[in-house]
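Two complexes are shown next, each including chain A; its partner changes from chain B in the first to chain C in the second.
So, the complex of A and B:
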């Protein structure tokens, strides 16, 4: 049995933990706080846009087939994380993840879905939750409780009319999640909707508020329980589509809970609230990680480490006041960090800082400036990897899953991972 | 060392407030916010309100925070939210500390007073009319879980005790805590017997309260004195581990004295670094292949619930892993955030309903899986789960004791 330590409980850390545990490895996952899944939208992006820079222009259209568009995208983006893996492995990895949570993610069919956002835009994503199906309706009633502060149904409807050429109308209902609550968090609302008596009242009010539109759009608050959205749709007797909201993301929480539970069920030891602050090594091998626990530092020996700490947003990458960019735990070289103008004053311009990160080979082993592995049993995955601005491309989820799967497979069967890029599908 | 509870004193926690990126993760996990709209939640009363506190409290819903520590644990930016709240609450209540909060914080006094009259004390606490009176006069909810007093203390057992075998594995200090001295005597005895069975020479220096109940009720000055005295007593030698079956008191020694009350006393820090909850200690042995695994099977299914104060120590759920080594025993993780007692929070008449709502998912699971027996590491949580479900709730060491053939 191999002893593997995972650092981080975001999409990449959990994916790696589950994949390794499925292969019989003994896995301990350390995380400082929850990972980013519930800050995302609860869908899985693979590749949504292929922009020349960071600035989207009206000519930039959403990608329909992310796998077909991949080769061309990578030609324009050398050093992209997807370029380190065989292209076929991207789709395989994402399909593998979807199969882990069949109640929650619809199986991928090779093409992107468009999903409606809080502002009434449509954005591309690859795997969706069933409650997010956008069927190109001819008319839609966008409805929200007044108590949900981050969703304005009339605004969303007005924008949808332009972005999706749909006959859209906005309506409010008045139903506090709890008596007297004027300002409900999406989570409080979702918890209330998980109770059938409350859901019944909600359905009544929605049904009374709308006209005879074909589809009903609701903010993404339809229960933390995976079945709630469907039973609400059934009660309403019309197709329902959830609109993505800013965090806290209820669909993101559904996904986070389901994957975390999956990891625990497979025997992964999850230790939350401890930061990994150091490591021990012998030559080119990491021999253990140092964890800052209450009152003391504890060293945990290991055979392999999957380092899944995210990027700047989680503090794994930092920039000091002189503009120096560093990776904070293993002091891995950061690719792109020495370029001029990493950040510019123009918000929409190409912010090169956010493509900075760690370079890896196809086993996700971090490389030094000469392209040589630094520690042979260390694997870096997810948001830490160099070469992509994930939120403009809509690629972060796919990168996290694919890199995690590659790292896990390289640990379980070291010989099998090809060391050269295969750019074929 | 700070002697006041003014908001400035807690530099460690205050320094973290700017790290908040308003991601809302803490809000999604706070067990109190989930059950009552009366509490505006960790992000608001924590980093947000703290910015505006200059001795004045800006949001009195802060008092609903149970200090369970979940928010600090889940915050990916390292904001010490629960610690900020604890200090701010202490400052808010400083001039009008309720008599009730003063009383229930003094476990030793309660234990010492109840012990000689244990049958009477237990009868009074079991009497509905008396409890109604106590609720009216003192403010402890009439249905709240109260400890059962025993006529025997751990100390009286220890005085007459001789180990069954001679020590081969070195010395450990046993820290029993107040509950382990007066109310949870059986747990202390079983812990000592397990350690001795594994070959340890168990030393029990005279000891007092760690000050945790006072700290959680915001009575910091007295609590600081308690924890320092305790640390001096436990600090018998630099290389002797300090083992306890009182998981929350372990948390006080390991980090809360320092992080919440600003105690920098060297003895406290040294003792904190050597303190181990007994399951943590034994799992570490198991991980290193040094724990004898000659357990006899226990054919049972039980819920195990990890208390907030054990989770807060950043070591995962050692008892869960350890109990899973016992053949025949199916241990179901409660996966519940908090049992709702949060020290003494759930006893208070104005918080009782909140505490019960917080604990409901856990109680339901216990009733579902095994309504007769459940497992949990800290005493107040055990009392809470037992009172709500009628199950007998034991410390994990009870099952280890049985599996080693000691009971």
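So, the complex of A and C:
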């Protein structure tokens, strides 16, 4: 039995933990916070846009088949995280994840879905939650409680008429998540809507507010429980679609809860509030990680480490006031960090800083500047990896899952992992 | 075309122009102010926020020091809501000459600027983050002042006397018949309409842009040499007192706690085009180093934004000494009747926000002298509208207000505690406002998240109020983020990188705003905010000159010319060269 420590509880950390536990490994996951899934949109992106370095404009066409588009995308983006894995493994990995939470993610059918955003755009993504199905309706009623400050149904509807060529109307209802509140968070609504009495009032008010539109659009607040959205749709008697909101993301929380539970069910020990602040090593092996705990630091020995701390957004990658870019725990070399113009004055350009990260081989082992593994039993995954500005191309989730699966498989069966990129064969 | 008649046209809606508008209106002149952008969008909104005690000038410019001391007291009384009485310290760091402190105290005594030496221990007790290696400390009556608040409340006062301020009106022509000014033509940038104004007098208060106006009038050229200075705002108040370095005025010698941030400033470099002010990386580094001298660990604090302002320096050898005899130190007035034979026009350069009211008084006096119709100035006596309660600003005001109304109106901008009703009220009053116009009045988007959370809410609310349609809402949202970026990218480091990554995840990742349709030219954008010129920006250079002005002759000479940095006129300049 192998003893693996995972650092980080986002999509890549949880995916690696589950994959390893499924293979019988003994896994401990340390995380400082609750992971990044609930800061995202709660769907699984693989590849939504391939802009070849140009600024995004409303004229861009979203990618329909991300797997078919991948090869060309990688040609234009050398050093991309997807280029370190066999292309077939991307779809396999994402399908594997979807099967873990069948109630929550619709199975992938090879093409991107378009999902509506709070501002009334349609955004490409690969795996969606069933409550986000956009069925190209001819008309839609966009409805929201007035007390939600991150969703304005009239603006969403007005933009949707242009972006989705749908007859869209915006409506407000008056329903605080808790009595007297004027400023209720999506999470407060989700918690309330999981209760049948509140859900009934919600349904009643929505039904009274709208006309005879074909579909009802609602902010993504329809319960933390995976069944809540469906029961609300049933009560309303019309298809319902959830619109993506800024964080905290209720769909992201659903996914986070489900994956964390899955990991725990498989025997993964999840230790939250535990910042990993250091490590011990012997030669080319990491022998343990140091965790900051109440009163003292504690060193936990391990055979393998999957390092899944995220990128700049989590603070795992930093840039100091002199422009020095660092990886903060293992001091791994950061690819691209010494380039000129890491940040430019064009807001819409991809800032090269945010493509900086750690370079890895196909087993997700971090590489030094000469391309040699630094620690043979350390695997870096997810947002830490160099080579992509994930928010513009909409690829962060696929990179997280694929790299986590590769790392886990390399730990479980070291010999099986191909060491060269099959794409180039 | 719209045609208006008035007595006086004021060109330029910075503090000087607004002060002049108010003074003219109070003296009974029909007065119209024109600005091609929003009020106080140029230099008056692009300084560090210091309300001078006069301490800065007690050695270098005693006359200015005395004026600052008295104007400080007047503004604190007539526009109290714009002023926070933070107090100030002048500190001698371990790198500075302690003897300068003696000159400082002597100068303070002569100029009447209240200043008293306190012990280092007392200074550190008051400001625990101060460099413990400081050698001496002096307490003064510095405060902080919100240039936008000054502008709006003075404008409101002017309006009570019939004065009009027309923003987003770009002057296209100044008319004269060879001997007398007859009027001004402007374009309303928001509607495209031409506005023709007949008048007897034009007061050119365009600051760094004053030379363009005289050129437009077909008058001999006026040499305007804008001096660019950068400021860097840190995410919170590292100090609650204004901290000045007790040295001859130099770069990076002041930290000003204003609203929720503290601002370090500034630099001084001559530029040619005040519309395009860069924020060079090496100057940002210079500010961070200077901050480190005053507050150890300054570099590890979180920088949230930077900006550049242009000092309105006019150099004109043809100005007769008599032209400035009424004038405040640091101000230059060009009388085009004696200089160019055209009556009814004055061009004003120089000035500093603390003494804006006094400058206006002198300018209007000069105008009245030419007109032969003297009236007493009453701007120092009358309290500006909205300030009747007489309370000075406190950092806790908004917190107290939100505690009181949090069950009535949701908070739209958590960083700056702006709620929905504040926003809706302003949108009702100013339906054509851009999000930057709203920002200057409400402070939306000015806190640590730099608009990452509030901007889409503002777009939604403005659309919901039927003030704007969805295309303009989306366009203004994008424009606001582009504008925030101008002041963000030059200082990006540490926690602000982390914040930016989160903001990008939200805006581009989750909401995918780039792919929402919007018009290309959503808003006239004359200088708002000033864009860096990519051709001259050198983002790679990180070397900074030594903060010690004696160590580097180049810096030393620049420091000398910086003596009266925001306030140099012909007379000031000639005095300095003695």
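By definition in this document, the second predicted complex is superposed on the first by the 420 of 425 C-alpha atoms of A that agree within 3 Å, B and C clash if a C-alpha of one lies under 4 Å from a C-alpha of the other, contacts with A are read in each partner's own complex, and residues count from 1 in each chain.
We take it that contacts are C-beta pairs under 8 Å (C-beta built on N, C-alpha and C of every residue); 3 or more make two chains touch, one makes a residue touch a chain.
In this text, all values refer to a predicted model and were calculated from it rather than measured experimentally.
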Q.
Both complexes share chain A, so when I overlay them there, do chain B and chain C fit or clash?
A. fit
Q) Counting only touches as set out at the top, which of chain B and chain C does A:39 meet: first, second, both, neither? A) both
Q: Mind working out whether A:347 is in touch with chain B, chain C, both or neither, as first, second, both or neither?
A: second
Q. Can A:109 be said to touch chain B (first), chain C (second), both, or neither?
A. neither
Q.
Let me test your reading of the model: by the given contact rule, A:273 touches which partner, first (chain B), second (chain C), both or neither?
A. first
Q: Mind working out whether A:315 is in touch with chain B, chain C, both or neither, as first, second, both or neither?
A: both
Q. When the two structures are overlaid on chain A, which partner does A:331 contact: first (chain B), second (chain C), both, or neither?
A. neither
(Q) Which partner chains sit in contact with A:253 here, chain B, chain C, both or neither? Use first/second/both/neither. (A) first
Q) Which of the two partners, first being chain B and second being chain C, lies in contact with A:197: first, second, both, or neither? A) neither
Q) Is the number of chain A residues in contact higher for chain B or for chain C? A) C
Q.
Between chain B and chain C, whom does A:174 touch in the aligned arrangement: first, second, both, or neither?
A. neither
Q) Once superposed, minimum distance in angstrom between C-alpha atoms of chain B and those of chain C? A) 5
Q. Once the two structures are fitted together, what part of chain A is touched by chain B and by chain C alike?
A. 39, 180-181, 247, 313-315
Q: Using the touch rule from the top, collect the residues of chain B that touch chain A in their complex.
A: 21, 23-25, 27-29, 33-34, 36-37, 41, 72-78, 251, 253-255, 269, 272-273, 275, 311-316, 321, 333, 335
Q.
Which stretch or stretches of chain C touch chain A in the complex?
A. 285, 288, 299-300, 303, 406-412, 420, 453, 456-457, 459-461, 463-464, 469-470, 473-474, 477, 481-482, 485-486, 489-490, 492-495, 497-498, 500-502, 504-506, 508-518, 531-532, 534, 537, 539-540, 542
(Q) Show me the residue ranges of chain A that touch chain C in the complex, using the header's touch definition. (A) 39-41, 55-58, 60, 62, 117-121, 123, 147, 149-152, 154-155, 158-159, 162-163, 180-183, 244-247, 249, 311-315, 318-323, 340-341, 343-345, 347-348, 351, 353-354, 390-392, 394, 396
Q) For chain A, which residues count as touching chain B in their complex? A) 32-36, 38-39, 177-181, 185, 187-188, 191, 247-248, 253, 261, 264, 269-275, 291-296, 298, 313-315
